[in-house]
Each structure stands twice: as structure tokens, then as C-alpha cells.
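Next come two complexes, and both contain subunit A; in the first it sits with subunit B, in the second with subunit C.
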Partner chain A sequence: MWTYLQVELYKIFRRPRTYLSFVAITALIGVIQLGLLVDGKEYTEFVMADFANTFSVDGKILNGYFICYIILQLLLVHVPLLIALIAADMISGEANMGTLRILLTKPQSRTAIVTAKFLAAAIYTLLLLIWIAVLGLFVSMAIFGTDDLFIMKSSYVVIVKESDIFWRYAGAFCFAALAMLTVSSLGFFLSFFAENSIGPIVATMSVIIVFTILSTMNIPIFNIIKPYLFTSHMITWKEFFDFKVNDANEAMVGSIQYPEKIIKSALVLIIHIIGFAGASILLFRKKDILS
Partner chain B sequence: MQSIITVKALTKQFNNLTAVNDLSFSVQDGDVYGFLGQNGAGKSTTIRMLLTLITPTSGSIEIFGYPLSTHRRDILQQVGAVIEKPDVYKYLSAYENLKLFAKLSGMKPTHQVLMDQLEMVGLANRAKDTVKTFSQGMKQRLGIAIALVHDPQLIMLDEPTNGLDPQGIADIRNLILRLSRERKKTVIVSSHLLHEIEQIASRMLIIDKGKKLVEGSATELFDTSQTILQLMTADNNTAIEKINQTAWAKHLQPIREGNIIISLNRDDIPLFNRMLVEKDIPVFSLQPRHSLEDFFLQVTAGKQYVDIFTS
Partner chain C sequence: MHLFNTRKIVVALCFFLSSLPFAKAQEMNSLVAKVKAKLDLVNDYTAEGKMKTDVAFIKAPIGRVKVFYKRPNKFKLQRDGGISILPKGGISINIGSMIMSDGFLAIDAGETVVANTKTRIVKLLPNADNSEIILSTLYIDEANLLIMKSVTTTRASGTYEMELSYGQFAKYGLPDKVLFSFNAKDYKLPKGITLEFEDTDQATKNRLKGKKGRVEITYTAYSINKGIADAVFN
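Up next, the complex of A and B:
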């Protein structure tokens, strides 16, 4: 199993396609950082336009934490495509290349093979997120410095103290990892049904787009199924940046306003991951290899 | 001799299609076992079932005396296979591919072992090149190196000469014979090239539409002392008339593909040739047909098979 995992990781990281995702992430984050470095003042003035007469802001709004929040909001919509490029190719790509049949004549159980492939896709997903964290958070902190985090919600503003931010990002990235692993396991599961990678990649993205639309539409019939759609829970990482207030309406450092929301969403995502991975293993054990 | 593979009543159905139908056969230790049949006859499906790539609908497979369904891992440890075209990872080099599959076979191969294996198939000088730059023949040879890298006892080769030039085909033929004679390996070879099988197989199985037609050694299956001659003349009708006036008439077979066919004892060929000259029959060519080809024609009872196999 360990040998298989090593081999799978070796194969992933010897493919030029793998690095496209890292290059794309680097380019996207670089563009955002460059844009905000050059025109950040105008951007913050535009964002703060509604509050300019109400608030007097002290300090530096355009800091590394703020930039990372923007990057996370933007990127976590597009990262699933980059994850699908690899995860949805894990089985279908091998079938397409004709290597699946050689692989399965080797003396290993199919469960070990598929588990190693699943773990390799998961490791790739996590590395991609770590790369986003390095560029989005640490490089932004280095370029823009640090200060309190100023977040505009739909009907209120949240200001998170600088000393209270870092653990929230750690939590947000961990949650984002769960969300992206769900995408990865969906792509992996769909890769069983095709003998070329395009189909499962497109199918993965289609499922995410359709589910995201259903999750955001406020129509009663869809509201029934919303809690069960994994896309409804993928954005719950934002809950890490909402805190409780005390009776004096002061922020309680180290608190989260709705921790139960995070736990519930995490459970839904974990159930999806286990479900997709389990179904993949069951299917793979029975699959006739005709490619 | 010990039976290495025992297949009993093997059947595979894909929806309404019965790809393999109640197939039974056995392969003995040290056999080079030829597996013959036209495209779609069920050869590849059978080999895939022997390799656990396809689950049989019914029937049983025992390899090395153990049921394949319960001893998959132990059995595959001793099996090397090339299934149809041996696709490998095109973005990796020949050396990397070989190393990777050797690891998956449970080996910890040394550099020398890998290079020896590549040397054996004539790819040592291309070891560091990525496979995407390889011809089909080179990929085929790499596939064979991968199948043999863990020194398996049983080797299954499905169409191993596909895409190879004549020299490559001869190399593979010699390699199979060497593996069988010198290293005492058991080899199953499926091929559409009857002549190739005839030269290397100690025993063979012919299947059609998933069913066994015949199984046995060349001497058991057909009379190797008899030679089928293919005669082409300027005027076949006149030639047949003249042959019918002689004692050779009883050797005439029905015309095939515009050629007169004669079945003769090998020693009678010079006498028959002399008769043709004496009767003033203008001969364009007189050549022996491969005996397996003719045997195949007999058992499949239709010339369309020979057309496919010899094209």
C-alpha cells in the first residue's frame, strides 16, 4: 500500500499537468497582489464608500490578512477545477492510457490500489491548499504587513483583532481542505465511469456548478435539499471570522459565533468524502477492466 | 507433467453477449501454449479473466494449483503479462517505467537488474528517453521487459508481436523459445499470426465465438507429414483436367483463392513436380501452405478465417 502510494505520488508529480495548477494559483494570487499593491488605496476607498461617513478607520485596512481573505473568497470558487484536473483523471486517465490493465495485473489488492490512488489525489489537493496558504497568507503578510482584519458582511462589519486572526486562518484553511477533499473525492468517484479524463473533469465541475446554483437560489423547493448539498457547506470556512460579543457588545477574543455550524458542515463534508471514497472502492473491486 | 493452469467451464457474459462460453482447458508446466482465434473469438477476454481483470460469470480458474479467486495476490506474484498493446506512462522514461512496475511487483530492483532487462529487449541505449518518443515496436518490447522484470514463472502474452517489424517478430519468437527452453517458464501466447504460433507453440487451443474448438499439440491436432501445396498455373481449368488424367487426381482439393490445392506426402513433392513438367502445365508458382493455417481452416470450416489470419 505504501509502495503504491509512493508510486502514485511519483506519477502525479512527474506529470507536467500537475504543475499547471500550481502555476495557475501563483499567477492568480500574483495578479491579485500586484493589483492591490498598485491600486489598493482606490479599492479600499471603493469598498469603504458606504461606511466612510459612519466610521473613522485607524490603521491599515489593506494588510496581509485582508488580502488573504479576498484571495480565499475568489480562489475557493476556482480551485475545484484545478483539483478535478488531477482527481478526475486518477482512474479514467489510466484507462485512457491503457496502463490500468498493467497496474491491475500486479500483486496488490484492488482495495489497496484504489486507496493509494485516493490518498495520492488527497495529498495533491492538500499541497495545492498549502501553496495557496503560503502565497495568499504568508507572502501577503510579507508584502502588505499585518493589522486588524476588516470584513464587510451583508449587514454588518466585523473587525478581528490582529492577535486573534492567525488561528482563524488555520481553522479556515483546515475547513477549506475538507471542502476541497470533497471535490477531490467527487472527481475521483466520477473517474470510474469514463475511459477519458475530459468527461469526469467536466462532470465534476458541472455537479459543483449546478449544486452551487441550487445552494444559492432562495426557492422553497430547493431549500429542502440545500442542507444535503455539499456545496452549501463549502463556504462555511467564513464562520471562523465571525465571533461572539459579550453583553457590552464587545468582541470576545478567541470565540466563534456559530461553532455548531462549522461542526455540522464539517460532518456533512466528511460524510460526502467517506461516501464517495467508499463507493469508489466498492465499484473498483467489481469493475471489469476492458480498456 | 504438472498442470499450471486449469480452466473449467469458464463463461463470461456481457449483457446479452456471451464472450466466453463454457471454456475448459489446461496448460502444463513448461508449455508454450498457443491461443488462437479470430478477432472477437474471446481470447483477450479469457486472458483478462486469467489475470483477474475481468470477473467470470461462471466457471473456475486454478493457477499453480490454487483457485485464482481466493489466491489472487500470491498467483499474480508469479505471473507476468502483456495485454494487447502494452501502454505505459508516456511522460516517464523506459527506465522509470520499468522501475515503477518492478516496485509494484514487490521488487527492489537494482540499477543493474533494470539495465539488464532493458538490454534483453534491446532498449538499454534508450533507457533515459521518455516513452512518448518510442515507436510501437519499442513500446511492445518495453512491455515485455515489464512483464518479465520480476522473473515470473508464468508469462501471458496477448498479441506480443503487434506493431513489430520482421526482425522484432523474430526477436520475440526467439525470446519466447529461450524463456521456455532455458529458463523453464510456462508461456501463453495469443496471436493472430498462425505461422508464429506454429513455430513456437508446444500445445495450442483454438477458440471460436467463445467456445473451444480443439486443444492439443501440433502432432496431436494434425498430420504434420502431409503438406498442402498451393499451385498457380496459367490456366487452372486445363491444369486440373490434365492432373485428373493422372494418379495424382485423388490428391486434389477444392480450389481456394484461385489456386489449385493439393494434399501430398512431403516426399512426393518432387514426383508431382516432374509430372507437371511432363504434362506441359505452365506453372507460375508451387508453394507449401502452412499446415496450421490449413488445420485452422478445417476446424473453423470457412475460408473467411484464413483471410483474416493471413492478411
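Up next, the complex of A and C:
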């Protein structure tokens, strides 16, 4: 299967479309960084307008950690499109080109072939996320420097000590990897149902967009279904940046406010990944390949 | 003759009684002046300490702070390599800001006990109509000429309360610990800005309800009258 994985990775990285995603990520992050470098002060003043009426904040708010937090907030909504471009093309692309039948003439089980394809899509997804981490976190740290992380939530403010941040980003990126792998596995699963790439890519994005809208609308009827939508769990990475306080309101450095939320959401996402990947393998083993 | 003497005594008594408040005011002015004179022994100081911000809707770690003061009114508090949040309003967390430098009326408001110390309550009223401070109440330990507590009402920023405890730097009137209390307004930011879509849970909502904000600074070291450049306060 290792050989098949190499072949699939070779196919992915031979296509210009793959690098388009990396270029798009670079451009998006670059634009955000440039904007905040030029007008970051105005941005922070706008966000903190209400807070600044009562408090004066001293320190370097616009630092690399803060920029990365903004980037993650914005990008993790849009990156699924770039992942769908590849993952939703894995089977349907070959079906479209008519190479799927030729592929299956190789002396390998269908399970090994489809698993190699899934793993290749997963590796692409992880590489994209690593690229986001490199540009979003490390380049931002180099450009903007580091300091405590100042996060404004809708009901309260959190200041994470500089020495307490990095492991939280490691956790957040690992969680984001699960979220993006869920998108990847959904796209991969949908790619079985079409013989051209456009359909599964659009279908994957449609699912993400509809679910995200349902997750974000604070309407009672939607609140009932929210826990069952995987998009509701994709944003749980933010929980890494909230810590516990004791009765005297003293921050407990190194703690997480709701670790159970992270575990629950991670389990939901893992179940989705296993579900979509398992269903894809089952479907592929029984699929009547005509193209 | 007898009637004439009685009248004289009554008039003298009236004069004496009517002059009592002024005598008291003089006494209070003198007490405040003595406290101020003690504080004036310090031309400048640098202090290191730990700051704890206790505001219901702010989660902040305890941080190391460095404080700079230079007479008459230069004060700067900076966090050692981090972000600090302080309540806004003209008053800095320093003892010098509690006493109006001039143009005030001191009124005796009785005695009370603050932190097991008998204190004199002195209310300071500014003479100027447009003063930022409307009223300042000081709780002064008369024996040691130390301000144990102050409650300051400002025109723009509400009422602030400072409680002070003293240790080895009491002879300079400098506290080891300052507890600064203020009324914190409610905080709410639109979810569209924070990009947060989950509702805050009930336990957190309860925790955030109507609590006074407090900033506690515990000083660990003072460096007094060593000279500080004005550039430090820029």
C-alpha cells in the first residue's frame, strides 16, 4: 500500500490545482498580515472600542500570537474549500478521466487502493494546515513579535500569558487537523457519487456552508440540531485559549476551561472521519466500476 | 451688672461654639498637611510587585509589574513584558493621587476602624467648581500619619476605593499592598466581531454578574529617592 500511497501523493502534487491552494493560503495570510501591519492599530481600536471606555490596556496586543488567532478564525471557515478541491476529486477525477478501471487492474485489493487515496488526501490536508501554521504563527511571530495573547470573547476577555500560549497553539492546530480531516473525508466520500469533480466539490462546500450557517444562527429551532452538526464541533479549537480561574478569580496557568468540550468535539469529529472513510471503503469494494 | 456679665458669657460662648468647626477644619487641614509632608519625603520611587486583576469579565494571570513615581504627579505602572489592564479614569493607583495638592477643604467626619487600626475620617472637598475629583474621603491613621483607605468620587469615572496596608516602608508612607476597587460596567461584544457563535453557558453568565472590579498590587521591593529620568514616563 506504501507504493500506492506514493503514487497517489505523486498524482496530487503533479497537479497545479494543488499548489493553487498553497498560493491561495499564502495570499490570504499575506493580505491579513499586511493589513494588520499597516492598519492594525485602527483594527484593535475598533474591536476594543467598548472595552477601552472603561479600561486602559497597556502592552503589545497586536503580536504574532494575536495575528495567528485572527488568521485561524478567518481561515478555518474558508480552508475547507481548498481541501474539497483535492479530496472531492480523488475518485470522481479518476472516474472522469476513465483511469479508475485501469487502476483496479493492478494486483492490489480495492481496500488498499482506496485507503491509499484517502491517506493521500489526508496528507495533503495536513500539509496545508502545516503551511497555515508556518505562515500564520511563525511568520506572524517574526513580523509582529510576541507578547501575551489578548482575546476578546463575546462575554469576557482572556489574557493568556506568553509562556502559556505555545502548547495551546499546538493543541489548537492538532484539533484543527481533525476538523479539516473531517472535511477531507466528507469530500472523499462524496467523490464516489459522481463521475466529474465539480459535483462532489460543490456538494462538499454546500454541506459545509449550510451546516456552518445553521451552527452560527442563534435561533432556538436550530439550537436543537446544532450538537449533531460536525461544523459546530469544528470551532472547538478555541477552547484551548480559555483557562480556568479559582474562586478568587486567579488564572490557573496551564489549565483549560472546558477540556470535556474538546474531548467531546474531538470524538465527534473522529467518528465522522471513521464513518466517512469506512463508508468510502465499503462503497468502493462493492462499487460497479464502469468508468 | 450681673445681667451684663451673663450676656458677655453667652456672647463669648456663641463665638467659641461658632468657631469650633473652623478650628476643626484647621485641624483636619493640618492633619492632611502632615500626611502630605510625610509623603513628600519621597521625591521618586521605583517599585516591583505583583498585580492581580479581579474583574468578573476579565481572565488575566497574576503578572509582575514595575511602578515608577516622581513628584508631584508622574506615575507609570508597567507590566513586566506582558499586557496589563487597568481601570480608566484620571486616577493612577498611587498614594500621591489620593491627596489633592491644594485648593481643598478638609472636613472631619468622625472616626472608624480600618484593618484593626483606629482612623480619622477626613473628607476633602475641592474649592474649584470644575475639579475632576468631586469628593475624596481619607481614612487616616493619626498616630502614624498613614492613609489606610480612600474613597474618591470623580466627575467622569465614578467612584474608586483604595485600601492600603503597610510594612517596612511605612516610614515613607508607602504601602506594601494596595487594593483598588471600582465599579466595572457590563461588557458585551457582538458575536459578529468575536466570530464566536456558541452561547455563553449559564455558569459563566452567573459568574459575570454584577461584581465590583478589583486590582490588587503587592509590592515586593521599593527603590526610593534614587532619581528617575522623565523619559521613563513618556
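As a convention for this text, the second predicted complex is superposed on the first by the 287 of 291 C-alpha atoms of A that agree within 3 Å, B and C clash if a C-alpha of one lies under 4 Å from a C-alpha of the other, contacts with A are read in each partner's own complex, and residues count from 1 in each chain.
What we mean here is this: a contact is a pair of C-beta atoms (placed from the backbone, for glycine too) under 8 Å apart; a residue touches a chain by one contact, two chains touch by 3 or more.
A quick note: this is a predicted structure, and the numbers were derived from the prediction, not measured.
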Per the contact definition in the header, classify A:Tyr228: touching subunit B only (first), subunit C only (second), both, or neither.
neither
Just to be sure I read the superposition right, which of the two partners does A:Ser155 touch: subunit B = first, subunit C = second, or both, or neither?
second
Using the touch definition from the top, say if A:Lys11 reaches subunit B (first), subunit C (second), both or neither.
first
Taking the superposition as given, does A:Leu290 touch the first partner, subunit B, the second, subunit C, both, or neither?
first
If we overlay the two complexes on their shared chain A, which of subunit B and subunit C does A:Val57 touch? Say first, second, both or neither.
second
Using the superposition on chain A described above, determine whether A:Leu103 touches subunit B (first), subunit C (second), both, or neither.
first
May I ask you to name which of subunit B and subunit C touches more residues of subunit A?
C
Listed in rising order, the residues of subunit A that touch subunit C in the complex are 47, 50-61, 73-74, 147-148, 150, 152-162, 164, 215-216, 218, 232, 235, 238, 242-243, 245, 248-251, 253
Quick check on the complex: what are the subunit B residues that touch subunit A?
14, 48, 51-55, 72-74, 76-77, 79, 81, 83-92, 96, 100-101, 103-106, 143, 146
List the residues on subunit C that touch subunit A in their complex, please.
52, 54-63, 77-79, 81-88, 184-185, 187-191, 193-200, 204-205, 208
Contact set on subunit A toward subunit B in their complex:
3-4, 6-7, 10-11, 14-16, 97-99, 101-109, 286, 288-290
